[in-house]
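Note that the chains are named A, B, C and D in the order they appear, and that numbering of residues resets to 1 at the start of each chain.
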Amino acid sequence: MNKIVSGAQEAIRGIESGMTLMLGGFGLCGIPENCISALVESGVTELTCISNNAGVDDFGLGLLLQKRQIKKMISSYVGENDEFERQMLSGELEVDLIPQGSLAARCQAGGSGIPAFYTPAGFGTEVAEGKEVRYFNGKPHLLEHALTADFAIVKAWKGDRYGNLLFKGTARNFNPLMAMAGTITIAEVEELVEPGELDPNTIHTPGIFIQRIFQGKDYEKRIEQKTVRPKA
Amino acid sequence: MLDKIGIAKRIAQELQDGWYVNLGIGIPTLIANYIPKGISVEFQSENGILGMGPFPFEGEEDADMINAGKQTITAMPGASIFDSATSFAMIRGQHIQLTVLGAMEVSDNGDIANWKIPGRMVKGMGGAMDLVASADNIIVAMMHTNKKGKSKLLKSCTLPLTGVQCIKKVVTNLAVLDITPDGFKLIERAPGVTVEDIKNATEGRLIIEGDIPEMKI
Amino acid sequence: MLDKIGIAKRIAQELQDGWYVNLGIGIPTLIANYIPKGISVEFQSENGILGMGPFPFEGEEDADMINAGKQTITAMPGASIFDSATSFAMIRGQHIQLTVLGAMEVSDNGDIANWKIPGRMVKGMGGAMDLVASADNIIVAMMHTNKKGKSKLLKSCTLPLTGVQCIKKVVTNLAVLDITPDGFKLIERAPGVTVEDIKNATEGRLIIEGDIPEMKI
Amino acid sequence: MNKIVSGAQEAIRGIESGMTLMLGGFGLCGIPENCISALVESGVTELTCISNNAGVDDFGLGLLLQKRQIKKMISSYVGENDEFERQMLSGELEVDLIPQGSLAARCQAGGSGIPAFYTPAGFGTEVAEGKEVRYFNGKPHLLEHALTADFAIVKAWKGDRYGNLLFKGTARNFNPLMAMAGTITIAEVEELVEPGELDPNTIHTPGIFIQRIFQGKDYEKRIEQKTVRPKA
């Protein structure tokens, strides 16, 4: 099995205007930088993007927003981003805000063949509008449906040609969940390794969830909130 | 009256040995600096880490190691890292003993509003709705009144809710209050604050029973 | 007529390069020995491994490395190991391209019974109900008739069902049959087996269109 | 944080007759051998045991069956075990058979605060009896409820005093799922290591799910079906 493609351009082949994409990452941590750049170049538009956040003005999904390639964002927290705010307030951009844990669970469910589940998050809030409420053990829960995507795009630390992935630190976040939920899942990795180099026992994402993989380049890995303490 | 650090210090007194704790952005984050001596707690951040340590030294920050506030962090020995679904499994499954978060409004039946102001840019609820809907033990850390001097402890919230009947305790610059079926029950006064001050700053039902002690910070 | 190995060899011809495959206990397990040259497939076992290799050499067996049949196994380079929830996420989420399993009965609308015989000790369904309810592409590998000579390809199953309207193809010692809305459609005859033989051994609706070629094993 | 207890006897303290236990393992692979022995010695009875299998006559849960300590088994596959069969057929033992994937997902849901979810497994079979059926995307699904336990007992390869666990090979199976779903979860490990020795990035079960941990002894790790090939 060899899922390696030459790079981001080949990896995103088949992504068309109007499609739904999932993009891994939390803030700017663990985002698929190479594929986002390739999407900007490709000029696809009318995208629905499922991503916990929406990048900043000049990085991450902000780059796609600048080019008005995104029709709708499905996220839990957005707006570190002036252009996002402008488009949202002007009505150019649809925004569906979802509690973060529900977003994570809905992606995981989508990849797991679980069409819907009940969660307590959002009961009694506007998130509950139009949703079935059901009590379990006396506690109200909302019915939430699985999320899937035409393409899921994730960023990992290491990967092999079978598609097995290892993430680094908190750059894991939504990546393994979204990897499960794409009809086609693209993984860009900092380092492609030979099969067997990743310990089968500690692989985060088994290759079965990945259809295309490539070694990315020029990772900027921008830090959003640099916080440090003085050396003692 | 307490400042933000005072509020953090007071809430830190609630920590118990062996607890797993999720701290929200703002005042709650400060609590990590005031863990009582002799107890051991672990901090969870909902993007996917347990056992968060202090901020890194200058030059040692790692873009792949951040907390839910997107700040660079370190990991303690015994830390573990996981995906966001597992992280919210911990939260929803009530494996976290204490959640502390900020609020714009809290009502006397335990409702909380902290994510949206109509007419203003909405940034989203992040993990707040999962946290408040799931946690058994939630403390709100906030100022007693807003910048216009209006009470944030209300009969009922005016802003869109984050969660209903979920808050158990509020620690403000003026007081510690438990939320009971009959409303806010005053537990402690901040240094130099009178019961009258607290009454004047609280719009919701307020229960005052007996002498109200002053906090020891 | 085919023996069990023949059935396995015939089903192996269905494999395509890059497929992930789950093989049930019995005849299906044998398929792994007859992967067509030049293609690469990976075998999943539902207890939690992808990339199963051959049985270990004598003396190299590891109690911590077994398949769903509890047999000692090895892992190929590129293998991965995971918990049983993730394993069934792969199955339920339709990430497996082919599932092959045995059956006691199959009906002409694709129902399958393979887990329970009333009055006999019931061992349980294991992962079979998840597999048949989820997989897009399920082949049943079995003898065409039971030990008493009765057809196992029926109008409707008499035994408790494992799944409904889920089987797409049946490969028996006598024939290859697709399951269509109109019943079992005869695709190939086993070597030396006539259409008449297959008719006689099939209780369910059987569709015979044109010349039925003999299998090439 | 120090969750280390002296051994199996101390670990099972508080387990009382009539309680519901989850026990990790698949077949005889990855079962908590030390705790099972301690439960036999303790003499607790009327247990409801949630475990994928029920051991063999003289090993694993079979040891508890022999002493008639189990009232009810909740499993996906049983009966490698004559005593089990005898007790089941005589009506001494209740047995609730659950599709394996639903069992895994129900344990995971129990630990994750998801009270119920929909799955296609079992529709149209006797497993569906009494369960809500609901169609998603035209396909029928059953509503399945979360499982939890008074105590979950798991077996890991390595662990530290925070309760962080690493499993080995396919001995992982149900262990990490059940670890999440116990009111109290006990982990017995082959090797206790110092905090920090386990890579935070590849820990299978974060310590938060574990309340008690100890280093087990005299692991037999019996093989149920030894299958080998001749040396070339």
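In the analysis below, a residue touches a chain if its C-beta (ideal position, glycine included) is under 8 Å from a C-beta of that chain, and two chains touch if they have at least 3 such contacts.
This one's a predicted model, so the numbers in the text were calculated from it and none came from an experiment.
Look at the CA centroids: the one farthest from the centroid of chain D belongs to B. Remark: chain B and chain D have CA centroids separated by 36 Å (rounded to whole angstrom). One simple way to say how far apart two chains are is to compare their mean CA positions; for chain A and chain D this gives 33 Å. Taking the mean of the C-alpha atoms as each chain's centre, chain C and chain D sit 28 Å apart.
Centroids built from CA atoms put chain C at 55 Å from chain B.
Counting partner chains per residue, chain D has residues 105, 108, 112-114, 119-120, 168-169, 172, 201 touching two or more of them.
Chain contacts: chain B has residues 49, 75, 81-82, 88, 91-92, 134 touching two or more partner chains. Chain contacts here follow an irregular pattern that is not a line, a ring, a star or a complete set. All chain pairs in contact, by the document's touch criterion: A-B, A-C, A-D, B-D, C-D.
Residues 26-30, 52, 75-80, 85, 88-89, 95, 97, 99-102, 104-105, 107-108, 119-127, 157, 168-177, 204, 221-231 of chain A are the ones that touch chain B when the two sit in their complex.
Every residue of chain B that touches chain A in the complex is listed here, in rising order: 45-49, 54-73, 75, 81-85, 87-88, 91-92, 111, 121-130, 133-134, 160-165. Interface residues of chain D, counted against chain B in their complex, comprise 1, 108, 110-114, 160-162, 164, 180, 194-196, 200-201, 203, 206-209. Residues 18, 20, 40, 42, 44, 49-51, 75, 77-82, 86, 88-96, 134 of chain B are the ones touching chain D in the complex. Contacts from chain D toward chain A in the complex involve residues 105, 109, 112-120, 134, 136-137, 139, 141, 145, 166-169, 172, 199, 201-202.
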